[in-house]
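I have placed the structure first, in the form of structure tokens, so that the comments after it can refer back to it.
As written, the chains take the letters A, B, C, D and E, and residue 1 is the first residue of each chain.
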Amino acid sequence: MLEARNLMVFYENMLALNNISIKCDENQIVGVFGANSAGKSTLMYALSGIMLDIQKKEKMAGGERITLTGDVLLENQSIMDLKPSLRAKAGIVLCPERRRLFKESSVLENLRIGGYLATKAQANQTLDYVMNMFPALQKLRKRLGGFLSGGEQQMVAIGRALMAQPKVLLLDEPLLGLSPLMQSTLIKATKVIQKEQNISVIVSEQYARPVFPIVDYAYILENGAAVMEGTREELMDNPDVKSAYFGVS
Amino acid sequence: MSDQQTRQERIDRGIKVRSDGLYALMSWRELSYLTAPRFILIAGMLLLPFLMPGMYWQRVISIVCIYAVLALSFDFLAHYVGLVSLGGAFFIGTGGYSAGILNSYFAIPPFLTVPLAAIIGGVFCTLVLFPCLPLKGVYFAIVTLMYPLFMARIIEAFDIFGGTDGLIGIDSFASSFAEQYFVIIMVLVFLFGLRRFVTTDRGLIFTAIMDNDQAVKASGINITRYKALAVFIASAMGCMAGACLTHIYMWSGISQFALDFSILPIAATVIGGSGTLVGPVIGCLILVPVSELLRDFGTLRIVFYASILVGFILFRSGGIMEYGQRKYEQFERWTQI
Amino acid sequence: AEKPIILGAPLSTAYVYGWDAERGIKLAVDEINAAGGVNVNGKKRPFSVEVIDTRDLEPGVPVSEALMAVERLILNKNADFILGGPNRSEAALAAMSLLSKHKKVSIVTSGVLTPAYHKTVAKKYDKLKYCFRIHGEAVNLIGEMIANFADLKAKYGLTKVFIMAQDVSHARGAAKVMGKVAGSKGFEVTGTEIFPTGTTDYSMALLKVKSTGSQIINIWMDMPESAILLKQWYDLQIPALPFGSTLAAAEQPGFWKATEGKGQYTLCNVVNAGNAPSDATEWTMKFYNAYTEKWGVEPEGLGSSSSYMAVYVLKDAIERAGTIESDKVVTALEQTDIMGVYGRLRFDPKSHQVIAALDPKEGAVGSILQWQDGKRVVVYPKSIAKGEILLPPWMGKN
Amino acid sequence: MEILVYGTINSVSLALMGLGFAMVYGISRVPNFAHGALYIICGFVTWTLFQKIGLPYFFAIIFSLGINGILGMLMYRFVLIRVRGMNISEIISSYAIGLIILEGLRFGGFRGMTYTLPVFMEGSLMIGGVPVDYHRLIMTIIGICLVAGLWLFTHYTKIGLALQGMAQDERAALMLGIDSDFMAMLAMGFGAILAGVASILILPLGNIVVEAGYNVLIMSIAVCIVGGLGSWMGAFFAAFIIGYAQILTVVFIGSHFQMVVALLAIILTLILKPSGLFGQQKELEERV
Amino acid sequence: MNQTTTEPILRMDNVSKLFGGVQALKDVSVDVFSGDVLGIIGPNGSGKTTIVNSITGFIKPTSGKIYFKGKNITGKPPHKVADMGVTRTFQIMRPYHSLPAYKNLVIPLFSPRAKRTGGWRGGGSLGNRQTIAIDILEEIGFERDSYIPFKKTSTLPTGYLKRLELARCLALKPEIIICDEVFSGLSMSEIASMVPLIQRIQDEGITIVMIEHRLRELFQVANRVMVLNFGEKLIEGTASEVMADEKVKEAYFGSEKVEEVMTYA
């Protein structure tokens, strides 16, 4: 489905992604785990093409130079130099780190904006879907995104991503700052969504434990390089992975 | 994708890294590397009057300096305190009138009126702007854009201080030489003064307020007071410039509140390089003479002028200083990945 | 050829008061040079003109722009004399100190109506004696207007005056004075309205005019929107004669088109004769035709004839002084006494203001014109009039 | 009564001026300081098409609006796009463009007082004993419709919403497949057209003069700041505050205080309500 | 744990907050005693951050009073509250990104309070704030010789930023630190290194209020826990009491078995 071949990203002279190749098949949930600044977000940006935008902006402002090489393929054709908006059209939708809601729009508007690519029918359908997925949002419909609490924002963010009718959904640290209940709901939701909409999901986390039950295949990043990969089982019984990413001591 | 396999990387010249204030300087070479640019600037400024052909261009230099001070105050407020002020004209006008009034009503000589105007004007501007300090970003910008218009209208409506005719027959500086060097020194002092100031602990607070005022509050610091201080510094500078303008033209009038005084310094800052403090000065050194050179084009002048401005912004959106600094402190080379 | 005498002209060339002055000056200079130039004791030196756009009539442009222009003319173009502007009152006032600083003789020829100008000269004569003004100023205007009203009173029994002024201090000031004088001269001032610059609706005021039964509307506006006032006046058929003291809109030939002919009957004062066809002196029509021929338009605005004459006056003064050395020329100018386009030209030796009169034989005459079927007909002063003041039909009967 | 009528009219025309600016800012976060210039040039283009080339008035208007729109887009495409996000640069470059247009026009001979557009409809009628000519009525009505329309547009249509999102977080919008540059260009186009509409509606009441450009700019900025940036509704109400402030002073204090009071109103509103009447930026920024 | 004195250092009584129609807090009362480590947990949107904001003066409670050492601090501006020694970290971290890490600390060190108290480790004299700043950073785990204190904060990984937040509070030599989710976004190892830091601070005699979703670590340090739900106080007590409570279970942990929950998050 979505595949990256020896991706490399430099921020100026600093190597943020070092020759990473990952792969995500149809209807698979792939996990990307790594400590802080391992390069998860960078990877997500590279996949969703946002990196191109960052690059452009930096260039305009005469700031740091960002170099990215390698190749990204969607259904085996290169989308490396496709604008992010086009990639989203093609079905790669990123739900970014720290949510980035539209602060000045109500929850409902946030979702509707998400539905830009969808047809009216799709939009309404997905809207209902999201609303029963996260009943909490029902009573927040009218509140401005900026006023929501962390957890509430995360729900909206994911909902918004769904509205864009993704084929491949990229979740960057979705669990950040969520209560345990929220976390498990979200994880379950993710699984359900993946099944029902049969889409592929790539989810990045610091912290494998909560996500792990649902991933089919996982990569482990350490400062910019993929040090390990494998199916759930393989990684499960790898001792140092355990200690580092499961906190099972 | 073979072309992508190489990339251009920037590498600091060793000295830069070491001279971040953490390490002592090693040799004369390095010392000169650091001081040369400053020295050139100072020497250049001081020599300017002699390099100028004829009185007229010397006069232009004075104008350059006045705008330079204004631009400095803008740059300081905008990029070290985070208050984007479009009120350059407000400062100029206030300062100009203070000086004018002091001189023509109380017959105080220029070398006194200028500092006085700076202080009086500074206080006045700060007081008037005080209620606006909580405003953020564009809102502050716009209010400050409104103030000068407001002042002008007040003076016109109440017909005070000579009304629309303005105050005329104000004393000029003792000699054009004195005038020249007064303004030039003024620029240099403010320039290096500010550069020093923003790196002091107190200066850092301003930057902090710009980055995240909430956190500053949470550190038990009263941000309004600091913002007021910043505004005072900036407006005092602006007013000083205004005072000089008044004495150079022996006149002050409501058109000292004109939009131009707000826009041109900003333009200078943009093309010179925002947030560098030196940039604005350089910007003025370019823009003002250009506008003078274009005078012969009559009505077309402004068109050319504006086009040049746009050109600059397009092709050096970072500003001259950004570019210069990078070239000076880093070199680039192609490397294989 | 001899070294030319350089005339610096700081003018706001994007505005009528600027470009008409430019044309006037250039016309005169060409004529003089064609005739061999200026006779500076024995040597025949030509004039040459340097024009710089001062932009001072543009809003939002600081007066210092104009001052820069003046300085450039003096220091950089080494002009020997300054003619014409700056055109905006405050700019002209501000420029005085500069001129005296550089000891340059200057003759203001267009746009500057404020009495403050010559008053200041009189006050600080020694310092500012280099500044002259060769066209009429606000007070003269008022004088003429009043005299003219008197006629109207005598002829049609019009006594009720309604004053409308633009919200700029010179207009406001003038309007106030006007009100006083008119009152004292036995007219009833039925009301005074002040309109902010750029007003586009006057119907309220016009109705007030009607309700107060006013018979003359005295207008002080130099903003283009004043054309609308007259349109609306025409549409609402207000029974009062629109009488502009300064009414920039109506001065220009373009006015007729701008108002689609509704400017009919509008009167306005173009300060000096020659800006509209008349027989003030035998020179008047000569000038008028020469101008029209050279520039392809009739003289517009109030600065054409005065700017034209300024050059001749200067030439005359230089020739009498036999030098271009400033102080001598000043004295020479003070003794000026020549018959010009708009009458006999003499400067008041104290205030350096041209001496005005109602008779061209006595001094500089103003001229008041009325729009009659698309033409500007001079109707006052009597001495130079080409026609009679007409009342709109809807005024005749009442 | 007359206060009411003329207050409303005055306010609406202010609102009209402001809309374009508010629109562009609200959508591309570009403070378009060329707004005044666009306003004026539209007037002149119409004049040229109508008086010189002699197109029917209606078509002249349509064309010139189109031209304006294109002008706006070009402005974005070739200049502003290069300085996106650098607010100060944006202000300067757009202001510079404005200068180029205005002074260019002046140089091109569009000066003096002879440029006028015919009103849509001659004559006037009485409203509560106050004469109001039809054109002003038409203007008011269209103005109000326009505001309402815009509001619906931005809150209920896909494009409108997308534009909103764009404005708030460009990158997030990109992730959802909204092409920010295209949208911003669109916004500039809209903005320019709105400026045009305003001028077409307002100019027939006066003459077309270059200078007006500057005042229009100031006024429109004022209006939409006071309203709270990016909120058309806000802009509309702000227009009313300022508009009435002006009329009231004319009637009760004396018209040469008109500007003073208007500006005072602006400054006070902002001091009392730091993010404008409808804006919530401040609260949002300070949500921790 | 430290034994608590009778006089609460911080007391909220019946604090409520309405945002427009939204009841973010509803009659929340709690006493914090000197030396306590109070944990506050609760589902998202239950009003935890709102509590912090109202204590530190960033928002004004709609009703209710807040006392610090018996003094009423309700509705005082943030800088006043901070000056009295009540400091907080921010859930959404925004460090002074244009300054290097150590200069971030100069700001609090420059504050009136720091000048009075000499600041943490200030040793009374604040001669050279920048060196002191570096010392403090080193103490909380910015290795000095690894250049990290001198890096621009914009390029620092989350872990360091969180520590920086703490450092900012410490520099003021506070009496109370209120931590809003300091653990979130940290990796196992980082948290592991954070816990002892918290304990050390506590040993300094500084009272701590911690808002957390990372229960396991929270319970290591907290001696009392308060649970919020929809802005209301569900229960307050020791960790075990709280975990036992049914309402808490379904509000906060969901159906999961508590042990399991403890291990994740």
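As a convention for this text, contacts are C-beta pairs under 8 Å (C-beta built on N, C-alpha and C of every residue); 3 or more make two chains touch, one makes a residue touch a chain.
The model shown is predicted, which means the values in this text are computed figures rather than measured ones.
Think of each touching pair as a link: the shortest run of links from chain C to chain D has 1 of them. Across the assembly, the mean Cα position most removed from that of chain D is the one of E. For the pairs A-D and A-B, the larger set of C-beta contacts lies at A-D.
Taking the mean of the C-alpha atoms as each chain's centre, chain A and chain C sit 75 Å apart. Once the centre of each chain is set as its mean CA position, chain A and chain E turn out to be 29 Å apart. Chain D and chain E have CA centres that are 48 Å apart. Mean C-alpha positions place chain B and chain E at a centre distance of 42 Å.
The multi-chain contact residues of chain D, meaning those touching 2 or more other chains, are 82-83, 86, 106-107, 214, 256, 259, 281, 286, 288. Contact of a single residue of chain A with at least two other chains is seen at positions 60-61, 147.
Residue positions 14, 60 of chain C are each in touch with at least two other chains.
Note for the complex: chain A touches chain D at residues 48-50, 53, 57, 60-61, 83-86, 88-89, 93-96, 100-105, 109-110, 112-117, 144, 146-147, 160-161, 163-164. Only residues 14-16, 58-60, 167, 172, 193-196, 198, 200-201, 203-204, 207, 224-225, 227-228, 235-236, 248-249, 252, 254-255, 257-258 of chain C touch chain D when the two sit together in their complex.
Of all residues in chain B, only 1, 4-5, 7-11, 317-318, 322-323, 326, 337 touch chain A in the complex they form. Within the complex formed with chain E, the residues of chain A that make contact are 11, 14, 35-37, 98, 136, 143, 147-152, 154, 173, 175-185, 206-207, 209-210, 243-245, 247-248. Residues 19, 22, 41-45, 49, 91-92, 155, 157-159, 181, 184-190, 213, 215-216, 251-254, 256, 261, 263-265 of chain E touch chain A in their complex.
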